[in-house]
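In what comes next, chain A is part of two complexes: it sits with chain B in the first one and with chain C in the second one.
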Partner chain A sequence: MSTTWLPCSVYHQNYAQDHAWWQTNFIKGKMLVLFLVLFVGIPLYADSYWLSVCNSVGYTVLGALGVQLLIGFCGQVTLGHAAFLAVGAYTSTLMILEFPWPQFLLDWGLAYPISILVAALVSGVWCVIFGLPSAKVKGFYLILTTMAAQFITVDFLITQYISQIGGRGQAFSLPPGTIKFGPWVIDNDLKVYYLMIVLVTLSCVVMINLLRSRVGRAWVAIRDNDISAEVMGINVVKYKLLAFFVAGFIGGVAGAFWISNLAAISPEHFPWFWSLWLVGVILIGGVGSIHGTVFGSIFMVVVMEVLQLLIMYLMDMGFAWAEPLFMDFLFVKEAAFGLAICAFMIFEPNGLAYRWWQIKNYFNLWPFSY
Partner chain B sequence: MELFFMTLTTGILVGGIYALVALGWVLIYKCSGVLNLAMGELTLIGAYVSLSFYSMGVPFILALAISLVIGFVLGVLTERIFLDKLIGEPVLTVIMVTVGLSFFFKGCIELIWGTDTQVFEPSVFPLEPIRIGPLVIGQVYLWSFVAAIILLIVFVSFFKYTRWGLAMQATADDEMAALSIGVSARFVYAAAWAIAFMAAGVGGTLLGNINGLNISVGYLGLLVLPAVVLGGLNSVPGAIVGGVIIGILQNFCGAYLDRFFPGGVKEIAPFVFMAVFLLFKPYGLWGWERIERV
Partner chain C sequence: MVAADEIKEGDVLLELEDVHMTFGKVQALIGVNLKIRKGEIHSVIGPNGAGKTVMMNCINGLYQPQQGNIHFKNQRINHLKPYERADLGMARTFQKVEVFGGLTVLDNIRLGRHVHFRSGILSGAAYLGKTKREEIEHRTFIEEQIIDLLEIQHIRSKPVGMLPYGLQKRVELGRALALEPELLILDEPLAGLNLEEVEDMARFILDVNQEMHWRVTCLLVEHDMGVVMDLSDRVFVLNFGYMIMDGKPEDVQNNPEVIKAYLGEEDLYATRA
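Presenting the complex of A and B:
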């Protein structure tokens, strides 16, 4: 089952070729260029502003991957994923701040990496707890229970109780130098960028590999029709909960990563808006596609930045009405996001990934498209 | 014991308002099958419109009527622009469009009216409470409840006895059959959205009268979701009972659990209750059980 389009006179001769990630020389070259751009080009040429834009794209990708897994591949609609990001971020922060680390671990700079791992595990387990109702309910009712996850976790538990730990007040600030990854102290946008790009690459690799395995096929079967999946001998509950665990795991990684970019975290970083934002990202990018997650993240983050630049430009041009828009840019962002979702759902329900696929197909056959 | 009865009455009175908003939600779901997550913002729009007119010196009843008219127009427009094109699309698509709408509305509301709490000035209902035996009830609550009940009766009798209402019922029951006897489904959808906007607007205005109006009143609008889940998604009496029960539950949690779990237990309780309730009775009290076949 080759899903890649092969040019004339290229044939697979064994299964290893058929299952390979990159099957043609063109794809290999393309991926090489992509990696060069990501790991060398952007760090060399981007200034601090664009690096920080890239970092938010990466954070959105990490957060949205879990949502993509749940909605796009397992069919379990979740509207509370920011809760699991918050669990990851808070676990990691609390471990760094409160855990009595042995000195040698601190010297080797392992505290933060270990805390990322623990945060991911905690977040995964937390996600499974809120995934339990999926054994019984689905569709709209599941949406409601995941909404409950958001309100219970962020608005109640974290705001009211977790934030009280250590008596620091509402926001936990991380002293400079505590976020250390091995020998490197993560203290500027470039280092955050490298951390981000490694994490995003790893998560994408893990996700894609999971999806081509037995587990991934089981998820897709559940998404397409859970009753038939059960008839075919798939343990539906087990695989649904596994999907929730993996989604929470990646969400935890995302949350724990994001604290390296924030000097302080507070519950306001994980509002319900952010959960819906992540769902919007995958809908705009394309449901059921890893490409779509990335495209959607890039699109949403870049569009918002461009919108902000546009308003700033209008302000410089001397339009008085642009000024309140700039002051309340958050609200403009919300309204624009809402309109973008509506527009995509109405005019392009398959998302950007579908457009990408169409473009690729067009050029595969170009110039003789019949 | 006095606390108990006080909480109970307040709960019932606030629950009446929730019931009104929940009715709008159920109407949309029954008629067009749209699961609407924008209800919170609909309450906000109506509330802010009537507040603006009231602050300009328009009498309260008139301001409310204007917000009803604007709600009607907005409801029809929303349906025509956004949801008309989505008939027959998957559930998630439609839900996400309502989510998108909710963000759009919220952003616009925040841009137009800001985020500070605004109050109805001068206050609409007299401030001194009414005493019935040992019970002390704020007049705001009482009159809001009365207004909500009157509107509930109006809407329900509209649904039951008028020609339009009957057309809506027919569409809710079987769209194809309704189409074949000459009911315009598009008209019915538009009417359902208009009614939902109007009901939510009145509900929002009344809620805004109680504690002042800001963005978090929209969160109270979200409380219709536990209410309708409790009553069953497609049951009008269920929405009313569900709204009242959620009101009572919320106030009891505020009164009795707050000392054990300080903070926002009052806001969270309905959602926790809903999550647990769903595990045992996913179709609510009077919802239709859907049988799935492969």
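Presenting the complex of A and C:
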């Protein structure tokens, strides 16, 4: 009686098998293929353009995981998550630029990895501060308090004060060679890709493990019914804040990762729209599922890229009306985002993860649907 | 008013001492005294709006009474939060089922064992050695003690939100039992169940009360007089905040004040056949 669908003649004989991630040989094979594609296939065959698309997907996954945790698993609606990405990115950048690193750490290429960790911690703590209102307010009202995080952090603190540190003007640029991870200088899309895929895999592993142990169950309990969660012995406020911390932590990792791809960061990289975008990602992917976060990120990034390619193609075909669309692609993107959300809310409110589940179910029982 | 008789002090598990609870001008509890001894099934009855659920919420910590003391295991617990009281060994079920609809039956019951799990965020994230062992240990307990007792093997991996009401009530009982409580508060466990489910539920309550390794003290709020009179060791009658009496079921049945509170004899004895 496992939650995983088991084919005929496959039975679990102990609880460890039933608690395992990959419970059948078929699933193990499937996951092996997936990892081969991710770690070998894509780096071998994708060109620089598609690698950069993959990197965007990975960044979106890292950002959206925190939102998924807060909204999908803990029921705390958040609409300011870009702030924590910004905190991560700025902490990491400032540490690389301003911190008096001992020479041996620079030589060993540990400055950037350490800055990622510190950025994640700082971002986690920052997220907890803005999670504090969740002890008193719920649902709709929490949206406004988390939006405050965006405006206070990005629009006020970072734009007005943090950006002025060092007198560099608005944007912080990272000199080539400063983003060094161990022996590797992260200077092309392939290396960014590898950094991304490792971070995404680690974050997903952590999230999935948390969700099948004590802490994750407490989060889901708070989402489903906070009063009975408290009666069952869960310190609701503590676990809510823990959820905010982990969400901020992963957000900080996302932000600190993204500077390896940007080479220069400014507050415009973390607009409020990006917070909204991340919520859209989990709505489309499926609220309350980790693979839904990944599906949603792939969908959102790839659809936008395809849309852009389509407009460029139309321009090449000689349609004059396509040109302004290309010039103002940002607005086209926003409109497409809005349309996609509407379409999903109406036709597939459970998101892509549910569709994926349906497809799997269909093939599990194929050719007879009973 | 009949006082609780022949109680030895050491046996008292839960004690309410002159508890007052008011909401604005509504007085929900007025000077309630109650002693629950270890190992008994103590029922609370009263007409709708008598304050039974308020009383449960006070015991449980969801409400803080304005006046009076609540002692649990010889410890004053007025200031403790519900989750701290759960830690002391107090579990409850709700009148309207309050299960975690999105979780499976198994996860709901696992969640009931929250206070017995030890793994924190780091060991949970790694899910190695300690956490893994702990999960299997508790799974064994749940399977052998709770799922087996409540006969819910067939629905273990179903999301609770999709189950019929009777089974949800049973899962809720399972979740409360998973805490291995010393005091189990059952707020109308039989409401909305059909006859067969009522019989099952009554059997489960008796089982956990009487089996040697459970020996759970139950505080039962119920309207089904037949079940209350059959199961209870003592019955406490509440009428709009006032305690009418606290005594043996047969005394309660014959008390004229109780009969009046329930609007006539017919109502009191209107039980299921």
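Here, the second predicted complex is superposed on the first by the 369 of 370 C-alpha atoms of A that agree within 3 Å, B and C clash if a C-alpha of one lies under 4 Å from a C-alpha of the other, contacts with A are read in each partner's own complex, and residues count from 1 in each chain.
We take it that a contact is a pair of C-beta atoms (placed from the backbone, for glycine too) under 8 Å apart; a residue touches a chain by one contact, two chains touch by 3 or more.
All values reported here derive from a predicted model rather than from experimental measurement.
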Simultaneous placement of chain C and chain B on chain A, clash or fit: fit
Partner chain(s) touched by A:184 [first = chain B, second = chain C, both, neither]: neither
Which of chain B and chain C A:246 touches, first, second, both or neither: second
Touched partner set for A:217, first chain B, second chain C, both or neither: second
Which of chain B and chain C A:26 touches, first, second, both or neither: neither
Partner chain in contact with A:232 - chain B first, chain C second, else both or neither: second
Which of chain B and chain C A:5 touches, first, second, both or neither: neither
In the superposition, chain B vs chain C on chain A residues touched: B
First (chain B), second (chain C), both or neither touched by A:15: second
Chain B, chain C and vertex chain A (Cα centres) - angle in steps of 10°: 80
Touching partner for A:99 - first (chain B), second (chain C), both, neither: neither
Nearest-approach distance, in Å, of chain C Cα atoms to those of chain B in the combined model: 6
Residues of chain A at both interfaces, chain B in one complex, chain C in the other: 225, 227-228, 231
For the chain A and chain B complex, residues of the former touching the latter: 71, 77, 79, 133, 136-137, 139-141, 143-145, 147-148, 151-152, 155-156, 159-161, 225, 227-228, 231, 273, 276, 279-280, 283, 324-325, 328, 330-342, 345-346, 349
Partner chain A, residues of chain B touching it in the complex: 35, 82, 85-86, 89, 91-93, 95-97, 99-108, 110-111, 225-226, 229, 233, 261-265, 267-268, 271-272, 274-275, 278-279, 282, 292, 294
Residues of chain A touching chain C in the complex: 1-3, 14-16, 18-19, 206, 209-210, 212-218, 220-221, 223-225, 227-236, 242, 246, 288
Touching residues (chain side chain C, partner chain A) in the complex: 60, 62, 81-83, 86-87, 91-92, 94, 98-104, 107, 110-112, 114-115, 117-121, 123-127, 131-132, 135-136, 139-140, 143, 153, 156-157, 175-176, 179
